[in-house]
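Some structures to go through are shown next.
In what comes next, chain A is part of two complexes: it sits with chain B in the first one and with chain C in the second one.
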Partner chain A sequence: MVKDRNSFILRLLSTLFVILAINFFLPRMMPGDPFSTTSADEVGEEIIVMTEEQRLYYLNYYGLDRPLHEQFLGYMKNLMKGDLGRSIYYKMPVRDVIMLHLPWTVLIVVGATIISTISGVVLGTLSAKNRKKGSDRLMMMGMISFAEIPSFLLGLILLLVFSVHLRLFPLAGAVTPFADYNGPAEQAWDILYHASLPIVTLSLSQLTGVYLLTRNTLITVTTKDYIRTARAKGLGENTVWIRHALRNALLPVVTRTGFMIGIMMGGVVLVESVFSYPGIGMTLRSAVVGRDYPLIQGILLVIAVSILICNLLVDKIYGKLDPRVVI
Partner chain B sequence: MSLLKINDLKCHYLTDIDTVKAVDGISFEIEDGEILGIVGESGSGKTTVALGIMGLLPENTAISGEILYRDELISSLPESGMDRFRWKDIAIVFQNSLEVLNPVMKVGVQVTEPMIKHLDLSPYKARSKCADLFRTVGLDPKWVDSYPHQLSGGMRQRVLLAMALSCDPKLLILDEVTSALDAFTRKEIRDLLVDLQKKNGYTMLMISHDITFVSSVASRIAVMYSGRVVETGPVRDILVSPRHPYTRGLVHSTPDIFVYKDLWGIPGDVPAGNEFKGCPFSPRCTQKIDICSKASPVLMPVGGGREIACHRGGIAGLLEAKNLNFSYRLPDGEYLQAVDNVSLEVREGEVLAIVGQTGSGKSTLAHILANVIRPESGEVLFMDGNVSGGNYGNRFNGIQIVFQDPFSSTSNRFTVLDAVKEPLYINKIGSNGDRLQMVKNALELVRLPNTDNFLQKYCGELSGGQRQRVALARAMVMEPKLLIADEITSALDVSTSANVLRLLKGLQNRRGFAMIYISHDLSLTLKIADRIAVMDSGKIVETGNSHDVMLSPSDEYTKRLVGSRIGLCCHTH
Partner chain C sequence: MIKDIAASGNAGILSFIQALNINRIVSSKAKTFSRFSTIAKPFSRFSTEGKIGVLGILCIILMAVFAPVITICPPQKITGDSLEPPGPGHILGTDELGMDIWSQICYGARMSLTIGLAVAILSGFGGGAVGILAGYMGGHIDKALMRIIDVTMALPSFPLLIVISAFLGPSILNVIFILVLFSWAKPARIARSQTLSLKKNNYIIAARNYGAKPFYLLWRHIFPEVMPVLLVLVIGISSHAIIAEAGLAFLGLGDPTSKSWGMMLNHATGFRSIYFTPYWQWWLLPPLFMLIFLLLCLAFISRDMERILDPKLKIKKGF
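Up next is the complex of A and B:
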């Protein structure tokens, strides 16, 4: 056990180190630097063009003119102390910038995970129960062709239809600006109202995967001997399906949820941009445009760590659900 | 009123490739309180019958026929209607496999589940009843909270049994409950079942390929072959005198019944094509006639509570001898009664051994049966015709005899080819080319080389074992229905005789001819014989199944014969 635990920690640490290194070197391999950007991200933003003298001054100020390996060592040292560095663009600690935006991302990713999992499982079960009938075929074809649409395109369509034309949902943001709430309920409602379309977009992008997995696993599970045993006991269709079949079929779905969160963390960058939703995805995008190295590093680190945590959690939950797994 | 009645049940699995007629028109009844056993080889459709009764066959099954439970037609009920009967009236112990229990549910929960549903017990009550059930089936109640993978196969089998008993069913179906268990556990389960049946009067349908196990519990047996019932009857009768060729094969290849005999499975396979119309056993049957491959026989009562499905009414007689007498005149003018009022019967495909001391008249009897000498009185009927009249020795598919002494049956001056060909030549069978081929085939059968070089060898140049094989080939070339082997191994050394014997039994098993095997060596005889006739001074003093004769000889002479053997043998009785 002890040996297992040690090797596990060792593996985790080496994974983290590789991630850190990639986070550090990748942004610096992009052309340009924080002080030579010429393109503006948003229309109307004034373009500050620095003189070469100013640029060198700032590079020196942020220590970006030192050799790479020295920079990397410094970064690692600070990280040990819990210091993620200062954002060049926001002119404040990277940690504060992340804490400001991360909750929004967590909100939509968690929301999308819950919604896509539940609806995927329900639809998958319905489909499996009706397999070989028309409704199953129809649903399956619909789902598969639907999965071909990229999530940002889907987001754009939703935005155009529901926000621009029908005006049912807001065009941008996570809350109504300068709103004055009468109590937390109203605030919560406003937050939900703004988060709806991003959550829906993210959920839809994951739905087909969950649906197909549930359907196919269920179909396999229902041919198992223990399902026949449950039937023989005269327990009734619902008990057989839910207590015996679904319980077994959910095992792979749980595993998939771990990966799904990882995929969504990537997808969130595009979806947040489409809805101008102020999560870390959008922040990352502007940080990349502005070559804000410390911020890029910080956000990528947060994403990587949260994916690692999700997978760990999934392993734990799986162990609880499947008695055959020994952890 | 019977508890369960099945009428012409057919269950055909429709797969993408073909149709598997797993159950093809079977009918039977189970009386209240009775234990009916269904036996048959793997794949004969036993489990399918069980699933059919429970209404659990997969969707791709075409089902027809009727299943009546207490005169109520349950075969056409929808799922929900069937649930009324499941577990409370009819419960099943499934064929054990790792996945027959839900892997993610505690076994206790799986046992209590039906009690909560059908008996309206509270979970607490059900749990305590579950502990009782565990004790009943000999399982420590501490296991209720474990998962199936934490139990051994035997323990899982007990859980399955406890589960089946949980709602006190009227009819208990047991599918191969013991086949995965060791002998000790098997006996425990058997005793448990017998006990349960006595106490609670369960009606049981016991399915297994293990005929010994079934017959130790059941009162009646139905033998299934390829989706059909070929024979039914009381257990004892079927074991002692199986009437269908398949049942005989099944009984004879069961080690617990034939303790001494080498195991020889039933050769051949179940017919695969689903267009096949005839008797399903015909590809393996040694006594098939024309109609067998055209129409399938139906189950017919033959008296004594037995039913048989066979166009020939079961195992047919091949040779019948009635009141044979023969005496030699000795030089002093006295007569020696070598064969004294002997009657015996040889049935299709069986091996009858005639044992007795030297001089007891065995060879004389053999010569009479083979129509080499004529009896003074009495008659021998071969396939219902008189041997002497029909001259069955001299024709294809007749009687052939191989003698004790290989040197007398094959002349030294004959080549192998001539020796084997001679009977064909004498009886004018086949053209010259045909004959050569037939000789070669026969030599191959007896595992001799059939090269030209060997064919041209003189018999005098061969070893004793080779020469006996040539004699055997000479008999086989006539494709006999009955082979009489008279002490054919006595002139050979131990290892050669073992080889010849194995060869002979192998041939008999594959070709399906009947055999009269004459010997004074009881140990060897037991290895190949189905029945034994014991001969003493010209009389047959005892006949019976070889194991019966061995284990419980009734005649004094037989006892001596058996007793004289014990010293050499490791068995103690």
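Up next is the complex of A and C:
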């Protein structure tokens, strides 16, 4: 078990290292350097805006003439200090730009995680209880077909139906522009109102996984002896299901939640673009369009690190929940 | 005397095994084909959904292949007024530049299908081959490969896809290359574990003891066994690739010189205040509908194939 754990942490660390390396080497693999292509429109078209001497001076100034491994060490050192460079478009440190937009993404990802986990577990339990009846089969079919639609297409459909056609929800943004709020309750309501469609989209895209997992684990769990014992003791059907069966069936769901956050952090870029929601996904899109490389790298790093942290947390929580797993 | 009997007994058993083996070799050629046909044959065993899926995919393929025949206007030329509603001249109307939407849909099918097919074949069979080789050889190569696979599977693929294609620049080849880079790990891992369990089978050990070369063993005995699993995976990979391509194009990272469904979504949603006009009804809906239709068809087929091949494969669903 100890060995297993070590290899788990080793895997996380090596993943982090690969991401850092990609982040570091990609811009350096591109043709040209920052001082010769700053005003060129096309890749490969080089407009020399400074003399050779000036160029060498700036290369030296930014440390780009040093050997790669030294540059890499310097890059790592800056990262440790939390310095991600300066955004070209926003003209401020990348860290501040990310801090400005990250809360919105956290809001919708956490909201979607909570909603999809709870509703997935509830629906899965209902489905497992009514196994081999029409309602279970219908639910299965619907859920599985649903899962095949990627989240951004689902988001577009929801946007078209609820915002464009029915005009129930806002089309874009996270708050009503230029709004005057009478107190924090109204502000919270406005934020929730704008976040609802993105949250619903993300949770719908993850719902099926939780639902299937809960249903299938419950069905295996209910064949166990201790469930029969519980029934034989004369416990009520609800107590058996909730306190004995569901409790044990929830363990894999916890692991799934960690993965879910990872998948959602990837999908959130597209979903935020659909709803023009100002989280880091939308920022990533605009950074890509504006070729704001430091910002792109910073956001990638934040997404990757948050996914790895989630995996680590899930591993820790799982150890706490299930005493059979020895840490 | 006893020795003799033992020897003759041995010889008998040996010749018996040999006969079996010859039989196997003779039938192996037919078998390779019959394995393919066990996958192609069971159209009758497909459920209604599966049949719908196959027919739907066929329709889309026909649409893509015969795009020049079934469209009147070329997709990249301005043939009408800007934003014409659907009418006799343009079946599905035109976009903001006055290009025909129906022909964009037909030609866009080519893009989605090409990406899906290319990525699926390259990473499915390439990754499968890598996995089979690693599983067969074992040792350090296998261990190193497993490490690489672990890391590749733990990488956040879509954000990385966005970043790499932002840096490498948008072109079909780049998109295919990046997608393959992120999707070969799963087939490799499954092919490896299958090979590991197959390798212990007696008939393979017997074949090796008869002097079968590794390449022969891999091609004749192991590959045909792993093949069905790979085929199911390939369908899953292709739908992932189609989603990823559409997503990248939707973000504006697709190949700007070609028209794909994702690009159409990108142009339509990028159009200022499209939601306050009726334009979205004929500009945004067709590519959206086509993408969902294609993905659902693929999903139906892959689920049916999984069901048909089920006794032979144990892919863990989900993650």
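Simple rule for what comes next: the second predicted complex is superposed on the first by the 261 of 327 C-alpha atoms of A that agree within 3 Å, B and C clash if a C-alpha of one lies under 4 Å from a C-alpha of the other, contacts with A are read in each partner's own complex, and residues count from 1 in each chain.
Operating definition for what follows: a residue touches a chain if its C-beta (ideal position, glycine included) is under 8 Å from a C-beta of that chain, and two chains touch if they have at least 3 such contacts.
Predicted, not measured: the structure shown is a model, and the values here were computed from it.
Chemist: Under the superposition described at the top, does placing chain B and chain C together on chain A give a clash or a fit?
Modeler: fit
Chemist: Who does A:Arg247 touch here: chain B (first), chain C (second), both, or neither?
Modeler: So A:Arg247 only meets chain B here.
Chemist: Thinking of the overlay built on chain A, is A:Leu26 touched by chain B (first), by chain C (second), by both, or by neither?
Modeler: second
Chemist: Of chain B and chain C, which one contacts the greater number of residues in chain A?
Modeler: The partner making contact with more of chain A's residues is C.
Chemist: Examine A:Leu213 and indicate which partner it touches, taking first as chain B and second as chain C; both and neither are also allowed.
Modeler: second
Chemist: Please work out whether A:Leu284 is in contact with chain B alone, chain C alone, both, or neither, and reply first, second, both or neither.
Modeler: The second partner, chain C, only.
Chemist: What is the contact status of A:Leu321 with respect to chain B (first) and chain C (second): first, second, both, or neither?
Modeler: The answer is first: A:Leu321 touches chain B but not chain C.
Chemist: Would you check which partner chain A:Glu52 touches, where first means chain B only, second means chain C only, and both and neither mean what they say?
Modeler: neither
Chemist: So if I take every C-alpha atom in chain B and every one in chain C after superposing, what is the smallest distance between them in Å?
Modeler: Checking C-alpha atoms only, chain B sits 14 Å from chain C at its nearest point.
Chemist: Which chain A residues lie in the overlap of the chain B contact set and the chain C contact set?
Modeler: Common interface on chain A, chain B vs chain C: nothing in common.
Chemist: Under the touch definition given earlier, write down the residues of chain B that touch chain A in their complex.
Modeler: Of all residues in chain B, those touching chain A are 51, 54, 56, 58, 79-80, 82-88, 91-92, 94, 97, 99-105, 110, 113-114, 117-118, 147, 149-150, 163.
Chemist: Using the touch rule from the top, collect the residues of chain C that touch chain A in their complex.
Modeler: Going through chain C, the ones touching chain A are 147, 150-151, 154-160, 162-164, 166-167, 169, 239, 243, 246-247, 250-253, 265, 269, 275, 280, 284-285, 288, 291-292, 295-296, 298-299, 303, 317-319.
Chemist: Would you mind writing out the residues of chain A in touch with chain C in their complex?
Modeler: Residues 11-12, 14-15, 18-19, 22-23, 26-27, 29-30, 43, 144-145, 148-150, 152-153, 156-157, 159-160, 163-164, 171, 209, 212-213, 256, 259, 262, 265-267, 269-270, 273-274, 284-285, 288-289, 291, 293, 296-297, 299-300, 303-304, 307-308, 311 of chain A touch chain C in their complex.
Chemist: What residues on chain A touch chain B, complex-wise?
Modeler: Going by the criterion above, the answer is residues 223-226, 228-237, 239, 243-244, 247-248, 251, 321-324.
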